[in-house]
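What follows is a short report on a single structure.
First chain written, first letter: the chains are A, B, C and D, and each begins at residue 1.
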Amino acid sequence: MDVLYSSRPLWAVLVSMIAAFLILATGEKNRNIRESWTIMAALAKFLIVFSMVPVILQGKVIEYTIVTFYPGLLLQFRIDAFGMLFGVIASSLWIATSFYSIGYVRGLNEHAQTRYFFAFAMCLSSTIGIAFSANLLTFLVFYEILTIATYPLVIHKESKEGIMGGRKYLAYTLTAGCVLLFAIGMIYYMTGTLDFKAGGFIAGSGSSTVLIMLFAMLIFGFGVKAGIMPMHEWLPTAMVAPTPVSALLHAVAVVKAGVFGCLRVILYVFGPGLLHDLGIWLIMAYIASFTIVVAGFLALGQDHLKRRLAFSTINNLAMIVVGAALLTKSSMTGGIIHMANHAFMKITLFFCAGAIHVKMHKDYVSQLDGLGRQMPLTMGAFAIGAIGLSGIPPMSGFISKWFLCLGALEANQIIFLFVFMTSAMLDVAFFFPIIYNSFFKKPLDDVAPHFDEAPMFMVIPLVITALLSIVFGIVPDAFFRFFSLTSLAVQNIMGVG
Amino acid sequence: MKVIALIAVIMTGALLIYGVEDMPKWSDPNSPASSHVSPQYIQEATEKTATPNIVTAVLADYRSYDTMGETVVVFTAAIGCILMLRKKRNGEGG
Amino acid sequence: MADQFAALIIVVPLIASLFVPVIGWWKKRLCYPWVVAVLVIPLISSLSVLNTVMTTGKFSYRLGGWAPPWGIEYMLDHLSAFVLVIVSSISLIVAIYSKKSIEDNLPEKTVPFYTLFLLLVTGLMGIVITGDVFNLFVFLEISALSCYALIAIGEEGAPMATFNYIIIGTIGACFYLLGIGYLYIATGSLNMADLANILPDLYHSKVILVAFAFFTVGLAIKAGLFPLHTWLPDAYCTAPSAVSALIAPLMTKVAAYVMIRLLFTVFQPNFSVNMVPVMPILGWLSVMAIFWGGIKALAQTDLKRMLVYVVVAEVGYIVIGVSVANRMGLTGAILHIMNDAVMMACLFLVVGAILYKTGTREIQQLRHLNKKMPFTMAAFTITALSMVGIPPACGFFSKWYLILGTIEAGQWVWAAALLCSSLINAVLFFRVIECAYLKPMEPAYALNGGETKHEEIQRDEAPLTMLVPIVITAAGVILLGIFSGKIISSVIQFAVPASF
Amino acid sequence: MLDYVISKYNFWIYIILMMIGLYAMIGKKNLVKKLIGMNIFQSAIILFYVSIGVKAGATVPILSGHGHGHEAIEVANYINPLPHVLMLTAIVVSIATTGIALASLILIYRKYNTLEEDEILKIRKETGA
């Protein structure tokens, strides 16, 4: 494979880190300058990341070594199609979220805004670092930074609830970090290398018991962030965070980093061939399917809108994992492309929840009656996102589900087809009442609704992301080339394994 | 405390006695201690340092750095006592 | 030229300490600038020595021109030069910091304090630099005596803690002295390099075995390794801020250095690892140290006391790295000597600054400290994250190597202990961070509907002489982490015995 | 057997002395007794070292033939000087340590008016310090 040596990956990571410190230095007094750092960094980051897409699509990889400790032990960036996909998702959505955040924190007059924007920028930095990592050590480094950078955002409210949520979050993620550290140390000891390789590199380096244990540890470590049951507990409690945080981090950056890690482990560390031989792919798929169904039912029971969305996130992330675990070409394509599709749809939904919170100070599903007439743009976007997640064409969600179902058939595992169907049903069940109530029911407080939207800073981003999820449903390869990247990644993996 | 002390003492003593077995006999002129480094002191010290007392020669010349350390130890102790005991002239019976 | 630098490292602070009483007698104020200025020289010298060692390899410096093993020599290799740089830089930083702490708490003791401060530094550097086992003992005692005296002037309970420390510390030193005696009786030599040559033929002698046992126990006492740490918590906790900031990072680390020196230079790894069962014993003791230190730390409400128990646990880290006896583990141990020195320095400096400003060390009373002392708390947070093992702070990298070492040695429980310890650290430090940054909701706030209407809190940052060292060490925590690859490939790699 | 014991009697003596000292340091309640134990301990080590230097049939290492540098110096005629040198240093160290320890005892006595460890612990518990 052609390798292009370039420092662009480093800059893509550094740009928001630099911005983070500029934000800290600017402080509360010059809000506009501080916010302009965020936006400039978001744009710069996206441009840097996006400028590398054509190179990747030519089948090359971009590499940059930061530092070498011992042979085989180094911090290195290497961008392949899969990493690129994640990088593009995160950096493009950061732009939308930046604008949205400004509207949100100013709309609510939040405290500690500098800390908020600082932590946000750090999170993005580490997310891109994760996307571009060439090996498990680099991955772990950025993964741990991400853990800590998210903490200030989780406890942002500084209420009892927030602090408890933060504690829970740390307890889960730091434990996971320790387990990962150990597992990665083991892998280094066994193989002498940690480099991701399409189709896996670990085969044949240890007995199957050891490999299964390592697999379990790694999936546990990454699965915590991905919210795979039974490690999902922290995610709903972390919903006390401000909505843009929930939107970008708990729908895109943090949890996707976990899923990304799981997929890296499944496809690039162990590889389809080895997982088949070990026979754990099916167990993995069952566990994730269990998560899909249970999370769907739990979501039904939530009245708090953001918590409902959180469970829907858990549900969808597990779907991605199932896609990878089924180890067929279509299921992988479906899983990977769902990372992108879910990101755009779910962020739309969170944006809507935040807009409602800022405008109406309403957080519960039961309070949303008749809101559609007052905030048609917001609720319209919500409807698009919800329909998309339920997998109804022409939204992008349909495409990913289509591939996933195909994959289940290819793998001769009809049961997963039913799982996906059930999940779609549940999606309909917990989203459609919201849409129905908000558009067709009378408002609770009998005031004649008039058009009164949230601040433009918030509405425009959410409309754009909603529109994009339609566009991706019709032309999956539009703008960001998600589909090309996905098929390239799948090709690489299947070409070897 | 007494029990701990007794155990510690017995263990230490046992270890020491165990070590004695391989020790050279007392006052053996051919023991390693007397045959590796020290003969050269005895032979050369007077010549090189012009001091008939070999202990002095070693103390103040070959290993003068140790002796400097020794004086520093005394200095340290003196300053340490000053540091600890000064102050509180008024009251507290000091 | 580098030879002379090696001599300056000891001579300058030593002679300077003699001048402190003179200067203090003339003008008391001048003691502080004098000490700071003087301590710059060992730092420059040790950096230059390190540079020489890196370019031309290890060298020795004969004192008085007498050839070893008859005379005494300095042994300057990668390991000692590396530790010298750590000792000299930390002592300079703490010296800068000491100004306000001493002026306020012990104004009448300025002169003897600074004299002993320099002597302590001299002693520590003498231990590191020397190539003679008996000379090492002399400097060990210089550092110990000055340390005793400096601790004794601390708060309530300090004299008693000091006396305990003296008794146990003397046992440690005497055990070490006995070890020397046994080595001497079997070999007739005191020079480390010479001993390393003679000893392999004598490895089956019981005398050597006993000598080895006494060395190990003596140094374990000095290093505060569980269960011989009992003197440590009280002594470090009751010492004045400036003193604990100096001894907590350095004393135990230097003892650990001597341990590495003896186990792997004077005795060959072949003996220490294969012929005596000392490595597993040390390793299991470290595991207990880690848990015991962590659990005791969890039980504390006093920030300084908590840190003191963390020191006990950190000793366990280093000793685990030594006792796995492989390249990765020892890399981690040596790296951790540096990282832990910087982290502990930072934490103790912060505690001193908090005590100076607010008069309390109770964790529960640190509320709003992020507004009062933002830079101090930021430094604390960075170091705390490093203690937890979050990259890119340096703590992560030493933990990583230590774990690789334990995995290579197949010691799963040790690996688990290290991992548990970082979780314990997470609980410990996030508890403090929560208290300092996130005020617990008081009823008044709750009534306001959670609105952010707290009273204006005035910024009340520590004085510059305290703040600068704190910020430097905190920056060091990050930078040493980022450049740990460079440090390993250029220095530590060569400090690990070649046979690993 | 007896031969063996007698041929190494210096070691037995120092071991016994050292055990006494060590016991006093750890086991005694009175702080001064602990200190005395420390001194015994150190003296035992000093004796041990000095006994290493002894050679049968040798005399003190002061050269009598000084000035007439022609005669060869017979090594076997003089005892080993090195342990003596080391012990001169060690004695000074032990005195210095004792000094510091005594100073700290003075501080303790000023504060608690007693030098019994258990009484001090009781006082500290009562005052909560």
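Definition applied: contacts are C-beta pairs under 8 Å (C-beta built on N, C-alpha and C of every residue); 3 or more make two chains touch, one makes a residue touch a chain.
Everything quoted here is computed from the prediction, not taken from an experiment.
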item: Pair sharing more residue contacts (C-beta pairs) when B-C is set against C-D; value: B-C
item: Chain centre separation in whole Å, for chain D relative to chain C (CA means); value: 29
item: Inter-chain centre distance, chain A versus chain D - centres from mean C-alpha coordinates, in Å; value: 70
item: Touching two or more other chains - residue numbers and ranges from chain D; value: 22, 25-26, 52, 82-83, 86, 89, 93, 96-97, 100, 103-104, 107
item: Residues of chain B touching at least two other chains; value: 16, 23, 31, 33-34, 37-38, 41, 63, 66, 69-70, 73, 76-77, 80-81, 84
item: Where chain A touches two or more other chains at once, by residue number; value: none
item: Every chain pair meeting the contact rule; value: A-C, B-C, B-D, C-D
item: Chain B to chain C touching residues, read off their complex; value: 15-16, 18-19, 21-24, 31-38, 40-41, 61-66, 68-70, 72-73, 75-77, 79-84, 86-87
item: Chain D residues within the chain C interface of the complex; value: 22, 25-26, 31, 34-35, 38, 41-42, 45, 48-49, 52, 82-83, 86, 89-90, 93, 96-97, 100-101, 103-105, 107-108, 111, 120, 124, 129
item: Contact footprint of chain D on chain C as seen in their complex; value: 134, 137-138, 141, 144-145, 148-149, 152, 156-160, 162-163, 166-167, 170-171, 174, 177-178, 181, 184-185, 190
item: Chain A residues touching chain C - in the complex, by the definition given at the top; value: 67-70, 74-75, 110-111, 137, 140-142, 144-145, 147-148, 155, 157-160, 162-163, 166-167, 170, 174-175, 177-179, 181-182, 185-186, 188-189
item: Chain D to chain B touching residues, read off their complex; value: 7-12, 15, 18-19, 22-23, 25-27, 29, 51-58, 61-64, 66, 69, 73, 75-76, 78-86, 88-89, 92-93, 95-97, 99-100, 103-104, 106-107, 110
